[in-house]
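Taking it in order: structure first as structure tokens, then the write-up.
Every chain is named by a letter (A, B, C and D) in the order it is written, and numbering of its residues begins at 1.
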């Protein structure tokens, strides 16, 4: 049973933070065929507040209550990253369809456990690589699939946050495991069928140099060699004065495609200081349609029982690159994917 | 009573054609606080089909049934243009909030009747000038309101359809009253506080020259002089090989702003033939957010009793320019707004 | 004899003002096969100064001295506009090849005299419509000639100066005869084979309203109907806060082409205030290559005896549109080209 | 004595191949204050042909003849790269000002010898890093110098040739020493005051995989760590279907700047297939103004005795990065600059 009698997928939200609230709003307002029925969050009052705001019926403080709720068909996991894999395993065990924010796991072992749990339970498992659903990226992939780009040779994926992050919450691997993991997935998405072989990374605390001694890394460049020979560069910085900047580029034997223009609107201002456009300032401003599309795809997969478009295997592959990158920074040389510890 | 007990605005749709269906889908899927409860259309089975597809409870063949339905708070009129004014008058008389597609009326007398009916009934009357809600145009107006553009001097608004129109359905005034009326409203929106004084227009059947003898006009240029001295050009053509093209430009004493870049996505392709972007192919592809925003604004106004953001007076003013333009073509010289017959 | 023994075209410059100095520098530095040998200017010392700076041998105070100089093959006329036609007639009578800045004449009679003089003398006569040599415009015309644009339907040409003009030097017709004449020629260039039939213009003193009573016109919109049905809009303003702005657009049955992006370089700045490019601030910054190309073409025509690429007839046709536009403003209605007085 | 009596710098060209011919044409046509007086090339007839075409007086088959020519003030070296350093040493020894195409040397020892020869002789030595003179790059550097970019954090420089190269002429280090050396210099130019510390490179034969066994490298990615913490990526490919593509990007603490838009003109075509611009197809099409400006700067330095804007030390620093990159590919790990053999 993966829907209610009317064919609506009843979704519970695990986690009511920034992304949880956003996914909850998307589910309740913009995804046809879905209904947000419950919110779970251990923080006192948090689930109640969000459930009330979004019109969800039930508020829980423990995800165990969600697993036990027979009127929940699927869950959207937006809890802190370190709990993701266990939540996926538990939700799958309870027979719920699972959408999990990235990263799905912190280690390859965790990733394997999550994948296996979903497989064993026969539930949908989709991971929150939303860029696969963004218009520019979808269009680029369509050109690839149509053969117009030929074989990819050089790829690039960039993520820059608008800044204002809290250094005390940034661990050494954060930039790889939570930020660049989007780029690693994007590079795989745009080099279809190829897998990473070797990774070199260099990173530093350039935005917050005072935190370098504590292992903060806020700026990173990662070079990935794929088994089809293509080289890719993934690049991130936690502070861009001009806003939230996500871009990509693929040079293939047939041509080049670029993604991400960073413009808020098509309006152009010309004044004494020159010509200017406004820039996008945050992920939720840049990707509203992609966030909606990924949840709509998830809800569709749950309802129809078809496979997810972004799988646990995709999450594992991106994680492996992230771990290789983190390892490369530690040892100062390239790391092969088969060297990454489980 | 302008909502149900839960504060939801219950909307009936009058007309289930292309725009009606689109507004219905927008209302039922993307506008929080609204519920599509009824569809009315005289064509056998049409209302039933659309109501069924969108989950509306009631299907009517006569708008009179809508006026009589106590559980309808507001209506969205998307019937053929020649019925608009009478439908506004009747809906207002029944105490319903009214959203009417453009043009709200075919004559100034009709427009006056519609405005007076809404005023007398104390209901919200909003007209479907959706570009006022489109991101580029909203941003341009914000710059104007902030004083950065200074006083407008030269304005431009362009509408080009992707073609494929049926010449037999195009009357001599269609290009002014149904197409360029958007541009006339846009010019007023971007020259706030000013009103048109004189209009010169020239038009022809260039796409379908074989229909020129029957009075078809498929290409037009209109020059509008405003009472603050600004000159504006509105321009339309019923066929653009490259898609649906809506653009605008304001040159003010402080700078210039342009609107409308016509790009489908931010993806850019570079290949042997050069560099290319995909273009937008239709109004519903270009303006989904604007269509949602205008209905959300309408629903908000109905619920809160606040004035509409686009009024019957706006519809009348744009219509007057359209009628002046049509008159100018007929007599071959500029027409003052005070010459336009009621 | 139209060159020296070595095949170099020896050029004299008539007028050493802003454009004269620029043409002189172009001739002496950037046009192969030409040599600037003389400068003529009645202002005391002016010709000497420019000749010295540019390495020209002779300085004259009277153009008569140029006509008498056997070692001058061709002249570049950059004197005040009211002298142009007489200078063309005299130079042609002396057997010199003639390049004349726009406008070539102030009346159609003058234009006819200049054309006839060049014809009778068998000398090259080229007019300074430099935009025909600018990369964007040349590329657009190439698309037209290749048939990709199909038949032109709607055209646009815009000229906006960066401001700082002296109102006391602006006569009522200046905006048409000296500024928009470029646009009128451009519209003809981009609608090849077609001729203007009727012109409507509206204009005002919006930049300098205090001068309106003296007949100043600093902002104008002109609609031109061509004999192939195409409608064109030419638009000018003497003040654009963001720089020197020359753009064009042609919508044809096959597609659209736009010209003029106003960017100083391809460099893009992204900062807290958004994304910005620098804009071009003057004609000599925007069109250096076009200014060089037009003089190189002239020198080539003089040397080889081939016809000019921009003829006296082109100058006359653009002037006729300018005079029609000026007339339209005076009488407040459209003016047919056959109504323009000689 | 570094000019003739009239202050003109008399230049001899060493090498009459593709770049030699282009520099010769630039010198003789577009650089005021310079005169091309001699061409030297050992190929039978080559020097005569080019000298004749460009109006140079003397043709030599041996550069020794140039050194001995008292009426040569300066030389432009455009011979094959492996002869560059020896030619610089000899020309400097003869007291000629030296402009040398990149790379100035093949080893650091050679570079040191060339630098020392110029220093000892007191002659100007300028190296052909033309991008420093290109408008976009100059404008970017101006923003840097004005402090608007803050401290550079992430840089990028890309070079892609339009293809059609002869694999048999490509040695393993060619992509680093002859192509990417431009990018290495650009990265130093845009990170002023900083020096490279460590380099990681990965490269392959992706365009011509059949030549991989012979050591061909046609595609490369290089990561450079600078002593101010900035990371830079330089990237090259010998085949881009869409033309000649040179771009750059600097993310600093204050903002971002990008360079290189690859457009041939500002003309934009919109047709059934979308919107398109033409792309630049070769270096001489992309950088004519930069090629002129670098030679004008060189000629100016020779005339005035001021230092070159691009020095032998710049050439050495870029070469060191190139050699480190080549070494990194060979050993498969990052290479510190102090590991590069002389």
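As a convention for this text, contacts are C-beta pairs under 8 Å (C-beta built on N, C-alpha and C of every residue); 3 or more make two chains touch, one makes a residue touch a chain.
Here the structure is a predicted model, which means the values were calculated and not measured.
In summary, the chains found to touch both subunit A and subunit D are B, C. Pairs B-C and A-C differ in how many C-beta pairs touch across them, and the larger number is found at B-C. Look at where the CA atoms of subunit B average out and do the same for subunit C: the two points lie 42 Å apart. Annotation: 57 Å between the Cα-based centres of subunit A and subunit C. Multi-chain contact residues of subunit C (touching two or more other chains): 240-242, 245, 254-256, 262-263, 270-272, 278. Touching subunit C in their complex are the following residues of subunit D: 29-30, 32, 135-137, 139-140, 143, 148, 254-272, 278.
Of all residues in subunit D, only 240-243, 245, 262-263, 270-279 touch subunit B in the complex they form.
Residues of subunit A touching subunit D in their complex: 150-151, 153-154, 160, 198, 200, 202, 204, 206-207, 209, 219-221, 223, 225, 229-231, 233, 235, 237, 239-242, 245, 251, 253-256, 332-334.
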